[in-house]
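Next up: some structures, all given as structure tokens.
Below are two complexes that have subunit A in common, paired first with subunit B and then with subunit C.
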Partner chain A sequence: MVRQCEHCGERRQALRRPKTGHKVCRECFFQLLEDEVHETITQNQLFKKGERVAMAASGGKDSTVLAHILSELNTRHDYGLDLFLLSIDEGISGYRDDSLETVKRNEVQYGIPLKVLSYKELYGWTMDEIVKEIGRKNNCTFCGVFRRQALDRGAALMKADKMATGHNADDMAETILLNLLRGDIARLSRCTAIMTGEEGALPRCKPFKYTYEKEIVMYAYFKKLDYFSTECIYSPNAYRGYARDFIKDLEAIRPRAIVDIIKSGEDFRISSTARMPVQGVCSRCGYISSQKLCKACVLLDGLNRGLPRLGISRTRGIKSTNGVADIDEKSAVAGAVGNGFSKKLSLEF
Partner chain B sequence: MAACAGACDGCSAGDASHAIGDRRLDIARSVCMKCKEEAAVALANQTEPMCAQCLRSSILGKFKTVLNTHALVSAQDRILLGFSGGPSSRVALEFLAEIRSEALASRALNAPGFGLGVVFIDEGLAIGTSREERSRAVDVVEKIVSRLELPLVVRRLEEVFDDDNQEDCATQLKNLLDSVKDGTGKEDIVEILRMELLEQVAKKEGYTKLVLGLSTTRIAARVVSATAKGQGFALAAGVQYVDSRWHAPVVLPLRDCATKELALLCHFFHLETLFLRNFSTLVEPSASTINSLCSNFVFTLREDNSSRDHTIVRTAGKLTPFSFNHLAPSNGDSRSMRKRRGVKTELSNSGSNMEALCVLCRAPVDGRSQLEDDPRYCRSCTLQIVDDSKVCNLLPRHIQARRAGQAWMKSQIEEFLL
Partner chain C sequence: GGLELLFGSVKCHEVELDSNEITVEKLLVWIRENLLKERQEMFLKGKSVRPGVLVLINDYDWELMGHLEAPIKDKDSVVFISTLHGG
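Let's look at the complex of A and B:
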């Protein structure tokens, strides 16, 4: 006995929605998901007409589906956005070089212009070189800090007004849990915001904040979207793995729990007078920073001086711009590139 | 963490596991760091190797410090200890009895010669334990408590229904539990009923404070499970030292001690404990409840870092507490006196800013986000317990009779009041 879709009642059931458990046909699933993302975008006023939006693209499922859905909704609901893809090459062989090929294919498939920036040209180090230097325990910190800045620089170079990332509900729930486990109350209060950096030049938003990872995979699968599906080769050691495993188990018991975690995160009573960092600029590269030197500069400094734990657990030895007299060639290049960018964009950072 | 085969250089994950291995060897060979005489047998405070006696004095020290710093107990109090038979409440029982008898013996002026009683709630009907197992458990508890010469009250969970006929109570409990479809909801309603019964006992027998043996590890598990259930707003309420939402305020003197060190203490000093089954015992992980998943999660995290539960509780402790997380002022306990004794916990302002509470779990209700269905219940209870109006009608009558109240109405319109 073939059952009918619970939404349209006409077509055949093809799947059960991970988020709601509703049994629907393919077409209704696409429509429901796209409508939910549209709801999120409009309710939270994520975009304004005529904005130039950089979509962070890694070639993975989140960014591929983001590019697809955002360009679709842009046309369907007349957002009037000028979209383009922004990709960062961290220099992880066997992982990033393959996923970049996927993004280049997306450029062609969706007819959206693509810009690629690499760690090598920005900082003078690839992730492979960094891991060789510092080992596998804290490499995610380096990659994350560098990537954030790289995306901002790329977006500024391309004169973007806003950036959209593919962070999904599972990511948000993991981050909330992670901050709870690590005692980072300041981050806990900020991490649930759907849009950050509105006061600055480049706000970034997360249209997929309430979208389940499983549903993104399902969407890409049924739409036969082209994406790169391997995990970063350095991820098995990441602490986030604990949170991820827990959330997978939690989802199996109660699918609703993922949005419940996000709701909890949004509802946490955190005193607004709790020590919040004051936003300034990095004295070396001009990027936004709550300290004298931004984290990327501190980490880079550590790498170049053979102090891999500088900025991770060690704070003694962080030198301000004046103190760095005997820098080697690598950091000179990085510094020059950094300064070059900051000369063009000094007003934006 | 993946084991390091030794071949990769610069692999810091491998370094960590070597370090842990080394530490284990260290305990076996090392001497207690406190008395420096006896051989060390356990790690106190996650990192300090100590002999059994020093472990005991370390935990007792923490217990007394918490009682004094937060003025949890005064000489005028009659304390009721909720005893489950587990290691945490066993230690609480032992220490409270000891402190009390020392005080009575010394007859010092401000020594807490408080009244002390014990209550054991038999939840066997809810869990489905056999009659033999249940009576065996009660026998063990009676033996333990009588040895300490303290009054013991034993109640069955079904007595929360306050019916003279025991059979009827049992039936009502069964019907209620059968009507709750969600596994986690079932576990939570049992806990809610337990707290209701504890409050009833305290009220009836004239106790002024309720002590629960909640350890850091268990509170950390509650923090995670509350987050997973969307109870972020109310989370801060149940993680502090004091909780005055009950007729006899609930205090948690073991909040700073991990379950592990409490269990070790019971082991070394042969303090008899009881193993009681719960809904998740011998159940497959995928079919278990959110509560047990979170509890296992915290234990997994502790394997990587034995202070993780402390970090979680500390983080949760930084969330803004509620007005009922302070004790009401009592006679002979002025603010200046408390300051002199170095007491940390604030006194509450009597009656003002009383938050609207869910009539079932007493979670403070966020005025802004309310489901329309029934304003008396919080969002979490509505979704996982009372999702069907049938369930409402099967709750104990005194819970059903509770009104939403002024506090709830105020919370709905607060933002508009000028």
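Let's look at the complex of A and C:
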């Protein structure tokens, strides 16, 4: 049975919005989604006029739609932002090289300049080389840690004031669940913040925090936006996959579960007796860290010294909070001196 | 959304089914038996698609038409989009 849009009453219903259950036509869907993202941006004061903003772009669905919507809203509502695309090449053949082609097309399509930074130039290792060294487990640990730093370095190089990422509501719900499952209280307390990093590091925000993944994909499909869509070849073993499957099953039964999980996450209060790490800086590269050495330095050191488990597994008999024992840290610091890593890029954090 | 990799990397398939009145449910059974080349669990779960796969009939959300019971007529186009990948 054909029904009219519940918003405008004129055009035919095209989809059912998961967050609200509303059945709306295509045009109303575009408008509602764009308005909601605008609401999220203004209510949470994500941007200030004149800011230079790096949009983390991978060529995937979220970052492509982010680039499209943010540049659209920037014009429509006069945010006055200086936008550019920032992409990281992790060196994953057959995955990243293809998706980078998509970002290069985005650069042309949206008229936004693009900067690409690679793991190879930053760290001396591609993900392909890393996986060859460490095997198929814990790949996402390396990649995630390195990419986070790579984005910060890239944004600093390009003199950005802020970064925007395409993390969506589904991602947010997965992360909350993931941290819960792992007992990672520190991350649990931070992960729902819509903007992070104002304490010294480059602030990064998530305009899509309340936007459902289904809607991002439908938006891209109906608007015929060009994006790359294959699973990273190294990801099937990632723990996040379990959280994702669970969230997807939940969404099928009760779509509101996703925003409700986010709400729960936002309202968690950490017990005052929980041991929380204190933020400092890495003694080697100056990046923010709660340990003497930041995770990237530890992982990289492990790679360069042929100790792929450094920073991944706990050493027996020695107390540690982060899977990195004190003794390992000392030897890592000692080994760092002659290693040349600190010469890579002379950026202060 | 990358699903074509399960179907011999062919994105668009023109198919002919034996009956005139089919639902999405029946179509999925047919696909499983005739088209799905590998890794069934990436596309199907139980009687339906794997959660995270969107279904459109003539570019309309199948959730508007009864999910698995949604009817499919002659010359209709059915699109499956996977959301299960990096963004």
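What we mean here is this: the second predicted complex is superposed on the first by the 308 of 349 C-alpha atoms of A that agree within 3 Å, B and C clash if a C-alpha of one lies under 4 Å from a C-alpha of the other, contacts with A are read in each partner's own complex, and residues count from 1 in each chain.
Definition applied: contacts are C-beta pairs under 8 Å (C-beta built on N, C-alpha and C of every residue); 3 or more make two chains touch, one makes a residue touch a chain.
If you're wondering where the values come from, they're calculated on a predicted model, not measured in any experiment.
When the two complexes are overlaid on subunit A, subunit B and subunit C sit side by side with no clash. Of the two partner chains placed by superposition, only subunit B is touched by A:Gly265; subunit C is not. When the shared chain is aligned, subunit C comes close enough to touch A:Ser229, but subunit B does not. By the document's definition of touching, of the two partners only subunit C reaches A:Gln13; subunit B does not. Of the two partner chains placed by the overlay, neither subunit B nor subunit C lies in contact with A:Leu122.
Touch criterion not met for A:Ala169: it reaches neither subunit B nor subunit C. Look at A:Ser63: by the touch rule set out above, it reaches subunit C but stays clear of subunit B. Of the two partner chains, both subunit B and subunit C are touched by A:Asp249.
For the pair subunit B and subunit C, the model built by superposing on chain A gives 9 Å as the shortest CA-CA distance.
Looking at subunit A, you'll find residues 249, 252 touch subunit B in one structure and subunit C in the other. Contact residues of subunit C toward subunit A in the complex are 1-2, 5, 50-52, 54, 56, 59-61, 63-64, 79, 81-87. Residues 3, 12-16, 23, 58, 60-63, 166-168, 171, 213-214, 216-218, 221-222, 229-232, 235, 244-245, 248-249, 251-252 of subunit A are the ones that touch subunit C when the two sit in their complex.
Here subunit A touches subunit B in the complex through residues 132-138, 176-177, 179-185, 188, 236-237, 242, 246, 249-250, 252-254, 256-257, 259-261, 263-271, 274, going by the rule given at the top. Across the complex, subunit A is touched by residues 1-2, 10-13, 16, 182-184, 223-224, 226-233, 235-236, 285-286, 288-290, 293, 297, 300-301, 304, 308, 311-312, 314-316, 318-320, 366, 369, 383 of subunit B.
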